[in-house]
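Think of it as A, B, C and D in the order they're written, each chain with its own count starting at 1.
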Amino acid sequence: MKSPLPAMISLRGVTLVYPNGVRALDNVNLEIEKGDFVFLVGDSGTGKSSLLRLLYREARSTAGEIVVDGIRVDRLRRKRVPALRRHLGVVFQDFKLLVDKTVWENVAFAMQVTGAHTRDVMRQVPRVLDLVGLSHKSRMYPGELSGGEQQRAAIARALVNNPKILLCDEPTGNLDPANTTEITALLQRINLKGTTVVVATHNQAVVDRMRRRVVRLSDGRITADEERGYYYLGLGQTQVLSG
Amino acid sequence: MKSPLPAMISLRGVTLVYPNGVRALDNVNLEIEKGDFVFLVGDSGTGKSSLLRLLYREARSTAGEIVVDGIRVDRLRRKRVPALRRHLGVVFQDFKLLVDKTVWENVAFAMQVTGAHTRDVMRQVPRVLDLVGLSHKSRMYPGELSGGEQQRAAIARALVNNPKILLCDEPTGNLDPANTTEITALLQRINLKGTTVVVATHNQAVVDRMRRRVVRLSDGRITADEERGYYYLGLGQTQVLSG
Amino acid sequence: MKNGATIILDWGKLKFFLGEVLRNFSRNTGMQVTAIGTVAITIVLLGLFLFVRGALADVGSRLLDQIEVSAYLRTDVTPAQVTAIAHFLAEDPRIASARFVPKKQALAELRERTKGTIDTALLTENPLPDKFRIKTHVPDDVPAVAASIRRLSGVDNVVYGQKIVQRLLQLGAVLRRIGIAVIVVFFAVAGIIISNTIRLTVFARRREIAIMQLVGATGTYIRLPFICEGLLDGVIGALLAVALLAAARIALWPRLLEALPWVQLAGMPVDARLLVAQLVAVGAAIGVVASWISVGRHLRT
Amino acid sequence: MKNGATIILDWGKLKFFLGEVLRNFSRNTGMQVTAIGTVAITIVLLGLFLFVRGALADVGSRLLDQIEVSAYLRTDVTPAQVTAIAHFLAEDPRIASARFVPKKQALAELRERTKGTIDTALLTENPLPDKFRIKTHVPDDVPAVAASIRRLSGVDNVVYGQKIVQRLLQLGAVLRRIGIAVIVVFFAVAGIIISNTIRLTVFARRREIAIMQLVGATGTYIRLPFICEGLLDGVIGALLAVALLAAARIALWPRLLEALPWVQLAGMPVDARLLVAQLVAVGAAIGVVASWISVGRHLRT
């Protein structure tokens, strides 16, 4: 059921063709409202990461309209891009940690670029590190962390600014089941506080346990959009928007 | 039941303390025989990757004896390390693809360093790319691939030399269930042909479906070693070696 | 949520920023050392060049400061003509001094010069003419002055070391031009090398820069540490160069004075403090400009 | 499984290797351009320096080739003494020519020089002494030769442009030493800069190098493309420098000849092909050595 509220994230007829000719997204229409929790599922290489990349303007759409929190992202001037990104929390699929900064510094950096007060940084950073269970590794460099620890550092960084929108690309790919459950619970808590959360994932267990909205991508098109879906196309109320 | 055959991989009293003081492995004893298929499980940061790193000498043990295919890896002279690595196939947790080489070139490179004939390279590379379902992306650079495609490229590279021993660190973390099943089946086929396979993973479904030997790590110690185990400590015959 | 537009500077931020600069600076020590070394060597060469250029000009004029023009007068010259000539010589601004040498004195000088090889007792009368001895302010004017004197009535002949003076003057002109070309090339080289060094530093950190941008850092925010790094490189390099030049002055000065005793090098008017300030400013400018350009190039992609 | 010990070279491998080198080379065009530019400028400066040094030496000797030593003989010299002196002068290897000038001729020359200002009619007898006119092969020998002649019996006085010759000789010695210092500094600078450039190239690719090692590549295997890259940088830079020098020779030669007509620059014996080969060899050597050292440093870690 469509809400009359203005959507937090809205894609209309969005197509993304990479310079090498790969059509990663093809006429995608998607509305995500404030406070939604959305799983983005689909086979490897179907465009999940590409869709997220469009939202924080790492990629620019070839055609279509993209609105994020009222900002026309596809038309945003280069100079305004940093401001957009500061309003988003992003967990990158490949972490993207700064190798020459400690975990603490990596997380603090995302706050410092917003011009935050140092005393706020000193208070907030330990808090999020504790949330992801990484307090004991805060003085280590990414190269000294295990894969799962790096992933949690990336999650902490995405959370540190209390973003309105949280975009997570495969946030549990390197985590053990216990950690996965914890992180998922964390995302849910954050969502309950009003943050819009979009999670691209292959983790069937997480999707099936949570029973939240599932948007299914296949070869760059949205093939299903279920309100309370499963990882595999299941019982939820299906509303194919385009394809 | 212990076999009298010389083990393919053997760790005796192995301890690894990283320069920053982290004790990643603590008195680990492990024997893996030729043709074994072993899952390495355990929470994030318990030393799975560290154990694998010791085998291909990215890390050097602080104490203990490590033998891989008859080679005393812990005593190996620097000059002999490349030769060791050519006999191993390794899927790294963070892929470690060369960003300035195409998928084809990345896979071919691992063969070329062994001094392989060009005609063998031309024959073998397309074969393994086909095995992991990446033939259509062979001319692309890693930066142009999705997370799962990069992971499959890394797997193809590990397979290209038909190694005696295959070490896989979280090889399905970025793969969808279908791809995961395929890759798992591939590893099983390779194992059937006599290759010793060690897989560090968090993927409960894979471990539980395969029912192979499961070595459980916890805080750098082996806490369980089951012949036909599950991801969670289950029914299999338990034989704690040390801890 | 923080408001990105309002940047409030607090002590923690400054500390962070300085830490950032020092961290970048100290992380790739080898790189910094070579960058600083490059700046230092460039500025040392610049300083040396400026010195050699100044010294050469000085040496050139001192080499030729004994060069004088002898204007021999006709034997039948009238006193009025001599007065007119003296007047003319006194008025020419290019002329430093003009001295009348009567023939008696000329003979004495000739005698002195040939140390008694001319048997003056044999002379019934002085065979030498009267003459003027003229010195110019700068050697370059000698040929023109000589030519203008030759045209005066009462002057019989004008003599100076024509050939050697001419050659030295030509050589000086050529060397001056080569010198200017060399200094231009030098500045180009210094600029290219330092910008190259910093561009490579940026290139080596391209992944980090891309990540910073993805996390929401502005261009300026990313640029600033690099600019400061360039500034530090330039200033430290310049200071090193100044130290080297000072050491060279202390160590080599006496030997130079010994080698060229007739050059009063000590008298060269150089304001040491001004020179140091200028060299440091040149270093700082090179560092800042080079890093600004280099970082900008990578931020645009 | 392949046997890593037996490396069989086939055409595919060579193609792959060359592709690798060209890929590295063309990927970071900006970096290569600056590296090549650095080599080129260094070698141009080296070439210019060698030329200027050669030209200066030539100019110096030509500037002074008119310098001759006049050995005035005593008025009471005996013919035997004259013969002995002539003999002595003929035997000294430093002396290019020695000509006896009898006093009659000396008077004629004096008359000529002062253009009739000495009224020779007044002379009852020639007041000038006999003399020898002596030229040395190199100006540097003039003072020593003069001193040795002065000791001969029958010689009254030895005269030459003492002051100017001495000064020019001192200046020449100082300039030569400065020149050597400059060329040493230059080589150091070139080495540092090029090794720096390549080190940074390697540094920028440190992640790739680490991966190659993890996949089983040997040190040599990783090193080789970099060495070839350095070689290419060096050779191309040197060729560029040679082209620039050739262009400069064509463009500036006539102007130089015009500015210094008395210097027979055209006569300078330079084997162009040998010089080109030497400069290219210098470039290649710098490139190879610098890259070898730089890559090695990163392989060890």
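As a working rule, a contact is a pair of C-beta atoms (placed from the backbone, for glycine too) under 8 Å apart; a residue touches a chain by one contact, two chains touch by 3 or more.
What you see is a predicted model, and the numbers here were worked out from it, not measured in a lab.
Counting steps between touching chains, the shortest path from chain A to chain B takes 1.
Distances between chain centres, each the mean of the C-alpha atoms, put A farthest from chain D. Between the CA-based centres of chain B and chain C the separation comes to 67 Å, rounded to the whole angstrom. Chain D has its Cα centroid 22 Å from the Cα centroid of chain C.
Per-chain Cα centroids separate chain B from chain D by 62 Å. Among all residues of chain D, none touch two or more other chains. Within chain B, contacts with two or more other chains are made by no residue at all. Shown here, the protein chains touch around one cycle, each chain meeting exactly two partners.
Under the touch rule stated earlier, the contacting chain pairs are A-B, A-C, B-D, C-D. Residues 56, 58, 81-87, 90, 92, 96-100, 109-122, 157, 161-164 of chain B touch chain D in their complex.
Of all residues in chain A, only 18, 20, 22, 41-46, 48-50, 93-94, 140, 144-149, 151-152, 169-170, 173-180, 202, 204-205, 231 touch chain B in the complex they form.
Remark: chain C residues 1-4, 6-8, 10-13, 15-16, 23, 27, 208, 211-218, 221 touch chain A in the complex. Considering their complex, residues 28, 30-31, 34-35, 37-38, 41, 44-45, 48, 52, 59, 62-63, 66, 72, 75, 113-120, 122-125, 127-129, 156-157, 159, 161, 163-164, 167-168, 170-171, 173-174, 178, 182, 185, 188-189, 192-193, 195-197, 199-201, 203-204, 206, 256, 259-260, 262, 297 of chain C touch chain D.
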